[in-house]
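Each of the next two complexes has subunit A plus one more chain, namely subunit B in the first and subunit C in the second.
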Partner chain A sequence: MPRLEPGTGKTKWYRSDGAVAVYSALISILIGMAVGAIIVIVVGLLKSNISPAGIWEGIRLVFLGVFSTGRSGSELSFGFNGVNLGNMLFRATPLIMTGLSVAVAFKTGLFNIGAAGQFLMGTMGTLSVGLWLGWAGVPTFVAWICAFLAGVILGGLWGAIPGLFKAFLNINEVITCIMTNWIAANLVTWWFDAHEIFKNSAEGGKVGYIIPLKNVGVVTPKMFMDVLFKGSQANGGFWIAVVIAIAMWIMMTKTTFGYELRACGANRHAAKYAGINDKKNIILSMAIAGCLAAAGASLYYLSGNTEFYWSTYQKLPAEGFNGIPVALLAANHPIGVIFSGIFMSMLNISGIQLKYLTAYNEYISDIIIAVIVYLSAFSMLFKTVLSKKIRKGTGGNVNAEPSPIEVKAAEEAETEKVKVPGDFEEEVTKDFKELLEETPDIVKTESEEGGQK
Partner chain B sequence: MSEYVIEMNHIRKEFPGIVANDDITLQLKKGEIHALLGENGAGKSTLMSVLFGLYQPEAGEIRKDGQVVKIDNPNDATALGIGMVHQHFKLIDVFTVLDNIILGAETTGALGFLKKKEAREKVIALSEKYGLKVDVDAKVEDITVGMQQRVEILKMLYRDNDILIFDEPTAVLTPQEIDELMEIMRGFAKEGKSILFITHKLNEIMAVSDRVTVLRKGKYVGTVNTKDTNKQELSNMMVGRPVQLEIHKKPATPGETILKVEGLTVPSKIHKNNAVNNVSFEVHAGEILCIAGIDGNGQTELVYGLTGLEKASAGKITLLGQDISNASIRKRALAGMSHIPEDRHKHGLVLSYTLEQNMVLQKYKEPRFQNHGFIKFDEVRKYSEKLIKDFDVRSGQGPITVARSMSGGNQQKAIIARELDRDEPLLVAVQPTRGLDVGAIEHIHAQIVNERDQGHGVLLVSLELEEVMGLSDRILVIYEGEIVGEVDPKKTTPEELGLYMSGAKRQENIGKEVE
Partner chain C sequence: MVFLIQQTMLYAVPLMIVALAGVCAERSGVINLALEGIMIFGAFMGVIFVRVFQQAGWTQDQGQIIMIISLLLTGICGIAFSMLLAFSAINLRADQTIGGTALNMLAPAIVMFFIYMIVQQNTMGMAEGGAAGWFMIKPQTFGLPKGYSWGPIIDLFINKVYLTTYICIIIFVIVSIFLYKTKTGLRLRSCGENPQAADSLGINVHKMRYLGVGLSGFLAGVGGFTFSMTTANMTSNGDVAGYGFLALAVMIFGNWTPLNIAFGSILFGLFKCIAATYSTLDINGDGVFMLNELGISPYVYRMLPYIITLVVLAFTSKNSRVPKAEGIPYDKGQR
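What follows is the complex of A and B.
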């Protein structure tokens, strides 16, 4: 908890841990964008149909695609583009939710790689219940709530399965998550395959899609999004995602429940020792993660402008896995997830702009996302280096004269470091140790302390 | 030829903001056992890391046989014949003992295939020569801590090192293993190997070393011949003030029964037999009852069964008249039990939490610290500040210090503060002073005696014979999961205790049924 004691440790806000986390995320993003620009240049030079001017256009679109307003004459024009910005927020909604799902699980020491399956279960629940109630003539407001809750509950139950395996049989949640992902994919395909009524055969030429919820009028209200971003797909789902993110942040940091969850995640044994029911909390964490991912699906399909291709047994939804980079980039901070989710979807929009306005295809943006994902794993490293720099720069902002206690503490801290000659290697090793601490169960849980592994 | 095999002259090593070693000189003679004494954080480990090439000093020189040498990394150190047994062993759990020993110094044939047979013979020869019993084919994860340490020692011998550094080697050993280690070290010295022995245990220094160098807070205090000094003088040098080595306490005045354990049986996780077998005893108000025994004889499981960390398969536990045999951990705690756990990193603390968050580890649900599920941060802060002050827990940033960054002694103090402040009628303290230095031990012992004097019952589990003899009012000896003897510390001797602990002596009908 970065609450500073008055009188000591007068850390300025821009030197706080949180600020450093933001800097390191920004560094990842910048490097990712720079790599994207380089790829634009290289591709441009290799392809005969792209001129130097075209390369310049490509670079500008990579960075500012969301502000592109198309072409005026032969020149690209930039400015406020309500459609792009609105679509960005619309597409960010499911990413924020799956990002939250991964981040909350991370904070409790679990690696939820099952967001894709939970997302699918949410899709199934929301679509089925939404359509049923819509046909039954239930008031749309009630139908909306029921459809949303059906998705969330189904996703939560689905997420609880790996939690149960983890808690009672100590099976790593990564393995069960991967398995439940594919089980979900097949289950959802089977469900819609077996229920002809959901299939959209009314609209000609559409094969394999489920009837969209807007056909029965069960749609999320716009909540002024249509005013702000006229003509875009944006809707109130984004606000709902933001509210949920804030609620998650409050839950994790301000409540005894969050205290318990994080204690279980950080040290299951100590939590147990303290009388916290560790099994219950593991199951609950996964269930909450499942609820969040499924809520992303619900909001996505309740938006009124999406359709679900039901034969999904060979393919998992990308939103599920993109939740991982969204969470990583936000350093698993629920509020940060809102921004990293928006950023990811911004890249997506840039990619579409590239495709429509230039000779490039949209996959450039996928490469940028991939680079950022890769670098977000390094953001811990940036964080370590940055906080060191900042500490050095201020010349010890805590006390001018080191007391013996500090000597002790510092020496302890030093011996904790893995002693490898060479600064860089030392950083890296320590960095990975910290990463492991963030996600303890992937590799190792305890006994790292004071340990020179 | 110089008189000294290794000289470290005027070594200075700084870390950002602090000087860990300030002008330290250490001279090691050939064939001597040289102890390096200091409290936690005095700079012992840093100095040894400099010698082993893990850190580069800012100033000072290292000489080997009179020649200045530069040690840039552990490989240089190995080439100079310097070997080190680290406090936390550096072994690969899933490798066999043999594989661990040869790792990094493998002999291979022409095609790069390992020549394990030769290595094996060499290891077996070494282990026989020095009496280092190991099972070369066992996996490290399956062998005892004592044997793991012997593997580490064999690693040094396998590399033909003749300057051996032991970093707190006895912290993890049982009294018997410590004696064996001392014997082994004496054997090495006789062979002409030179030993640097890092410790803060005075008994061991007096028993085994030839000379002692004392460090305090990163500074050199002095070097003395062991035979010219005594424990009191050494501890004063180490702490910088006169230290109370004896535990002073009034005679116990046992009151009513607080804890009654009848026929407690806890299954073992390692073998088929019960780790704790049909154990019965009582703890009374105002007494310190000690469970003594060699490590691994069921103490850990006994405490787990008692506190609920593990399920007992049989037996009845009554705390203040309330049957808690099947109660949850929290219910047991609320019924009147506080618990200083054996492993402060595993159970005692959430290391990534701040000190204040750790201080309320059991209490966060009390109305005092929460309102409808929302934590009252101000109350938590106030409470932890009080504990920090009352129990003199020292840390860099007070309540917001991350527990991981605190020194071991202060981590332990934090746990003790938290548990004692709960003011429960029963205190279960498991190795409360393990790995701590003299000053901290003195403090913690006083706290435990104070707890007793307030009329609380204390169940102490300790492996340190000295602590057992000095602190307890009544001793139960546990051997292979059974209570084999009850003795009065005022009337018994360490030798007699040792006989019980090793299973050589046994009282009938003890600990089976309490009449």
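What follows is the complex of A and C.
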């Protein structure tokens, strides 16, 4: 519970749980990008073919890559780049969906590392049904819906498998998710290998790919995205993802079912004691997570011009794993996932700009993402410490008078300022590091059950 | 048959040593999901070291020495990398699953970044030659003519094998003895079961967990190097084909005990080997490729290791003996 204001009895908005989550996410992002910039500098200094000007270009692209408009003369130019921004939203679509998938499972106390497999199953369902109905001459709209649903249902069923193992046999979902990922990769390859009709043999240079859905006309409408971002791949899929995210937020916070899911996540045994069917909820949560990840795949491939390389049995799609940082950065909040998804795809675009405009390569953005995930592992702790600090001052036991020392400590904590970029510049926290060095009580996050018991 | 056994060992040995890496960490109470990442990092560093030696003018005759030194250096790099996990999991008490996932993402990113910076392509191999030419034990290694044979039994052990197989087995045995027969090993295991009780007896839980994770990093790094050398021709491309995760599965399969893990990894190695070579596999030497003629899709063979893991987990989950304090950050005040 954050501190309540004496006058109004409400929490100041900048001190609420949500705001604290945003601060810690922003701190993680800043540190992550700083690490990226440091790597750019160090590598630039070590490599003889990168000049100081090249290093400066690299740093600017790391932070502002999405606004890059290429080179004019020898200088990099920046400005509004409709293609980049549109592609950013387009690539954000599957990330938002897989991020939601991970976030919803997290709320139920499950770590869904199987989004990659569910994503693949969704790909298989959508592409197969879309192509099949497209050839059969079914009206485009109906075919679109069927293709989307086919992917989603398949993904949901696939996601339910780790849920079943967890609920009935109490096997750690991490290990079953990893196994189902690789089984899915083999199954999907097997399916497309066995069905020659789906393979793109007509276009040269596209051997090994599945026929894109634009060839049969089953594509997502643009929904004004082509007007806003001319020349980009953006389409209505992004809006659909946003709507689904909002729906998930409503489901998790405003419905009984969402409450039951969160109760299972907070304490499975307590939830069971309160009469909640924990097994059902665990299975359903994983199934929903599977549906969401698969929906990401469906929206991605229903954009029409994306191609799927079918021989994927040795490689899992990156979108599946990138859902994890998206969810973590958003602190598992469905609305936050939209923004963190966009941010992640912005980093991707920056990486691509780096690759084409400088001597660096796109993997720098992966490093930044990984660093952010690493930091977000203890940003949870950071949040716990912060809210505990606030609680020490006023809340906790409402009847107990806080001791003067504690009040003083809480006041001290609040007066130290950290500048947060963007619109906020409020008194927020003590130094991040200092807080970490304080030893809090056990930080038991939702997913820490660890191992099967 | 000789071929099958040798191939199985190639697949099984990295699995075995990485699964033992998992045991070291988990027995001390830290979930090491980062095995995959450490392997990827180890494979990359291994290739780097071999390249450095080659560029420093070491020749093919010194292949075995290069390999042993690189192997040890790689293990040390694995320790360094695993310290990232140890720091977040032990000092900062962060969620260990997320920390491990972060390392799993960090390793391929760093590796790919530097591979592109070094060789401008997505795979980095040795500076010259191949793994088989430099590091494989052949009759030529002993100064004998090519094609020389010692007879089937001895061939099985020293013809066309890698020395790493034996090194890894020796390390495996040493670490197993360390875990089960020494004082420190007992203390380490106690920290994974009941750290509060261990602390009350004067054992430094943080130190023991650092030891466990560090040991785990060493073994996983060595495993990554071995994997890269024996199955990927000493190349690194930011990927170890999910071996780290498979090793985790083997670890659970083997119930966190070294002997069962050795058995489990041989079983998995066998299935992996069948998946890779089923079409040219001649089990009883009659010239008939039996598995190929069964007409089962290759994808079934490729799926088998994973499906079997699931099935075995389903049947053995009831008597699974997971370390009790695994994944729970140590808190002095908790009872």
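Worth a mention:
Everything that follows uses one rule, which is that the second predicted complex is superposed on the first by the 371 of 453 C-alpha atoms of A that agree within 3 Å, B and C clash if a C-alpha of one lies under 4 Å from a C-alpha of the other, contacts with A are read in each partner's own complex, and residues count from 1 in each chain.
In this section, a contact is a pair of C-beta atoms (placed from the backbone, for glycine too) under 8 Å apart; a residue touches a chain by one contact, two chains touch by 3 or more.
The model shown is predicted, which means the values in this text are computed figures rather than measured ones.
Look at A:271: by the touch rule set out above, it reaches subunit B but stays clear of subunit C.
Look at A:340: by the touch rule set out above, it reaches neither subunit B nor subunit C. By the touch criterion defined above, A:367 reaches subunit C but does not reach subunit B. Legend: residue contacts after superposition of the two complexes on their common chain; A:263 is shown touching subunit B, with no touch to subunit C. Of the two partner chains, subunit B is the only one that A:255 touches; subunit C does not reach it.
Contacts of A:98 after superposition on the shared chain: neither subunit B nor subunit C is touched. Of the two partner chains, neither subunit B nor subunit C is touched by A:108.
Counting contacts as defined above, subunit A residues 447, 449-453 meet subunit B in one complex and subunit C in the other.
Those residues of subunit B that touch subunit A in the shared complex are 15-20, 40-41, 43, 45-46, 49, 53-55, 72-73, 86, 88, 90, 217-218, 307, 309, 328-331, 333, 339, 341, 345-354, 356-357, 361-362, 364-365, 370, 373-375, 377, 381, 394-401, 404-410. Subunit A makes touch with subunit C in their complex at residues 39, 43, 47, 111, 113, 165, 169-172, 174-176, 178-180, 182-183, 186-187, 189-190, 193-194, 313-315, 321, 324-325, 328, 360-361, 363-364, 366-367, 369-371, 373-374, 376-378, 380-381, 436, 440-445, 447-453.
Within the complex, the subunit C residues that touch subunit A are 26, 31, 33, 84, 88, 92-99, 101-106, 108-110, 112-113, 116-117, 239, 241-242, 245, 248-249, 252, 297, 299-300, 302-303, 306-307, 309-310, 313-314, 317, 320, 322-323, 326-329, 331, 333-334. Interface residues of subunit A, counted against subunit B in their complex, comprise 1-5, 8-9, 254-257, 259-260, 262-263, 266-267, 269-277, 388, 391-392, 396, 398, 402, 404-416, 419, 421, 437, 446-447, 449-453.
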